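Labels run A, B, C, D, E and F following the written order; every chain starts at residue 1.
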Amino acid sequence: MSDEREQGRLTHFDAAGRAAMVDVSAKPVTERVAVARGRVVMAPATLARIEEGTMGKGDVLGVARIAGIMAAKRTSELIPLCHPLMLSRVAVDLVPAPPDAVEIEATVKLAGQTGVEMEALTAVTVAALTVYDMCKAVDRGMRIEAVRLVRKSGGKSGTYEAP
Amino acid sequence: MSDEREQGRLTHFDAAGRAAMVDVSAKPVTERVAVARGRVVMAPATLARIEEGTMGKGDVLGVARIAGIMAAKRTSELIPLCHPLMLSRVAVDLVPAPPDAVEIEATVKLAGQTGVEMEALTAVTVAALTVYDMCKAVDRGMRIEAVRLVRKSGGKSGTYEAP
Amino acid sequence: MSDEREQGRLTHFDAAGRAAMVDVSAKPVTERVAVARGRVVMAPATLARIEEGTMGKGDVLGVARIAGIMAAKRTSELIPLCHPLMLSRVAVDLVPAPPDAVEIEATVKLAGQTGVEMEALTAVTVAALTVYDMCKAVDRGMRIEAVRLVRKSGGKSGTYEAP
Amino acid sequence: MSDEREQGRLTHFDAAGRAAMVDVSAKPVTERVAVARGRVVMAPATLARIEEGTMGKGDVLGVARIAGIMAAKRTSELIPLCHPLMLSRVAVDLVPAPPDAVEIEATVKLAGQTGVEMEALTAVTVAALTVYDMCKAVDRGMRIEAVRLVRKSGGKSGTYEAP
Amino acid sequence: MSDEREQGRLTHFDAAGRAAMVDVSAKPVTERVAVARGRVVMAPATLARIEEGTMGKGDVLGVARIAGIMAAKRTSELIPLCHPLMLSRVAVDLVPAPPDAVEIEATVKLAGQTGVEMEALTAVTVAALTVYDMCKAVDRGMRIEAVRLVRKSGGKSGTYEAP
Amino acid sequence: MSDEREQGRLTHFDAAGRAAMVDVSAKPVTERVAVARGRVVMAPATLARIEEGTMGKGDVLGVARIAGIMAAKRTSELIPLCHPLMLSRVAVDLVPAPPDAVEIEATVKLAGQTGVEMEALTAVTVAALTVYDMCKAVDRGMRIEAVRLVRKSGGKSGTYEAP
């Protein structure tokens, strides 16, 4: 059972339905890891240009990696009810998936009282948005797809693996 | 032809492949509007809880709307090569799409020299992440899907409508 | 005696009067809680509109609650000599106080080496400013009043209750 | 009549009650000025210490002035539905008001399409919070009082003077 | 004569010596460009590693470029009396200067009422700090040197060229 | 040997050369202190004006001190691969060094798993930039020089003293 699930209601609301940042002070400090993934789908010609760039010029994926890492650190500023956290590791990887996609994976680690799923998901989405931004002049039809949590460990709920 | 497409290369890089924030000072000030959409796919039971909330308690969609609006204003802090902009309007709408999704649409408006696609896309993704955050205790398998630009007007390239 | 009061001088200055963020590294980690309150005084007609909104449309108090929670997390960016903190709980409550006021209360919790009074006070003031912003088109004469600490526990100075 | 008041409803909500950042793109660019004031009420002994500090050591009011100016620039990050603005002037003044208060006044100026009341009010409240922070070790009973708009000019609604 | 120099006093202070963000609303909108430079001096072996990295792995200079560009956009958050600006172009270049330095140059452009020197200088220093951060594990003795404005145009004071 | 140096490669890159925020979760929590220094070199007449100001009017050095302290807290937002940290102390000192310089020193302290060199260096550079900003109307030829780490303690690598 999830360590945040309580009596079947959404945990970010009190009994009267008021949003709040939930109290995590009674939770044990454990090592938390979360891995999230997503994908930017694009025209094959767009992917071809990105791949040329990674050969040494115009490194779209390198810029997007940095944007994703920096965004993970700012998750609590963006998501209203997320706790501020002192992340101990953030890595973001972007890999061309021919013929028409870039796959993105983010891994976030923390020794703390709350999970880091949102940080991993934020890293993936901001990296994806950065890919969009840098390629939008040649392809406005790109889509961000399949952003999801793939693995999570630590905390009372133990390990989660996406089916 | 796109107002940012020049000689077939990605416009955020100079001839030597170095990333830069492109010069928009010679572009005319026109009214720019961008509309983006996306979707959070979830278990039907999760959607049911969200819908109960909108009845007056635990308003997930209301919190996500605010998060999306606030994120649009911070796009240039998140996306490395985006210009800072004085947005003149931001609206975000989240609608339950039974049996298993929430549809999100963001509209951003500006009188300026550069488009606001990234602001609209950022609003959609942060609103989606906020839905995920508020429901993750009951459903870790949610996915953010189909984040894309649906319409854009203003600028040299004129109006774009997603096919 | 206060855990920050030393020889009767303001603790954010050194002996030469230079401002600094004070050293808290020797303080024990204890559970800290702070509760602050304040009030927005307005025309009775303005309060009436807010109350209509909370019935399901135009939820001024819900938006202000989110703004207050988010602001608490950014206190150390706003107040020059505040320490960055990993808050473990933030709750903000806004209640109509007929005929002419909205009462605001914020509760902030932390296991740490320094108090969270400023976080609670920041949450109250930003929630109050948000109420002002959303109602200013119909009432420019609103006033924010009586923002103060009402309770504090944890730390060397023990519990404080406002008289 | 206010330039933001429309048919008697709160302007930050659409007809269905959904919060949005209102469209200001059709408003003319005019010079906007707003002046806000507030007060920190404290023990006379606390004020005495602040006054000693302004004599050259431990300048509480100087630090609070800087905090207020910097906060004005970040108003749109704090208040969910405020527009980002390119302020052309911000001044904050803090004056001891014996026996037991510090009076704060902020003036903000902009050539733009929307007023700067919120920026002036934000400057006042953050300056007040900074005074509180720097003196809280000697006086936990301080209160922030009477934060209000005192004057506003520019825009369709013309000049407002607090009664 | 400088467009900010008035009667021989520092312009960020009023007659009573109080710091303020100066009023630029009466200044004409002109195209402003500023170019700043600086240098990170290091051990020759450190520079050799950076140069290996630019060949395709571990691109220190690429990461520093992005950091510098992003920092330029946040100058008004860091420097207390800087105006928020809508920069129209930011470019940062980092070039190895054997045997023992990396030279950094930033160019910032704006159509506005105030200069962009601070934005260019901020881009240079944050890019330099990023180089330091990424190489500090192998060389703690690096130094940031010669950060200065090299050229500025636009505004009442006309063009400035460093001697 | 440095606690971040591993097999002679730059630690912010993985084996494939991809930038990442390195994993510090296995490092022990120790008290970390870092001291950095730098200097703003200027015309003697500029220094004379600054010194007049510190006599009670127009306190350039006081404003720069606050800017440096606040910037230290935001280091992880500026430097892409820095960890977010809960600093326990920040002090910044600016001293006139006649005839033509201001010397700046920053001290940062933390009980944590990673060093605070970057925070101290960021405080120095932003304080220096603030001096530049406040004096640039009378002296555009100022230079920021000799920004470097002078001392560091804590962590596996023990104490470092600049030669």
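Points to keep in mind about this one:
The definition used in the following text is that a residue touches a chain if its C-beta (ideal position, glycine included) is under 8 Å from a C-beta of that chain, and two chains touch if they have at least 3 such contacts.
Because the structure is a prediction, the values reported are computed rather than measured.
Chains that touch both chain A and chain C: B, F. Under half of the residue numbers at the interface between copies chain D and chain E are found on both sides, making the touching surfaces mostly different. With chains reduced to the mean position of their C-alpha atoms, the one farthest from chain C is E. Rounded to whole angstrom units, the spacing between the C-alpha centres of chain A and chain D is 36.
Computed centre separation for the pair chain C/chain F is 31 angstrom, with centres defined by C-alpha atoms.
Multi-chain contact residues of chain F (touching two or more other chains) are listed as 19, 56, 59, 62-63, 66-67, 70, 74, 77, 80-81, 84-86.
Taken as a graph of touching chains, this assembly fits none of the simple shapes: it is neither a line, a ring, a star nor a complete graph. The complete set of chain-chain contacts reads A-B, A-C, A-E, A-F, B-C, B-D, B-E, C-D, C-F, D-E, D-F, E-F. Note for the complex: chain D touches chain C at residues 2, 4-6, 8-13, 16-17, 19, 38, 49-50, 53, 56-60, 63, 66-67, 70-71, 74, 77-82, 117-118, 121-122, 125-126, 128-130, 132-138, 140-149, 152, 160, 162-163.
Here chain A touches chain F in the complex through residues 31, 62, 65-66, 69-70, 73-74, 84-93, 109-111, going by the rule given at the top. Residue ranges on chain D touching chain F, taken from their complex, read 56, 59, 62-63, 66-67, 70. Residues 14, 18-25, 76-77, 80-81, 83-86, 112-113 of chain E are the ones touching chain D in the complex.
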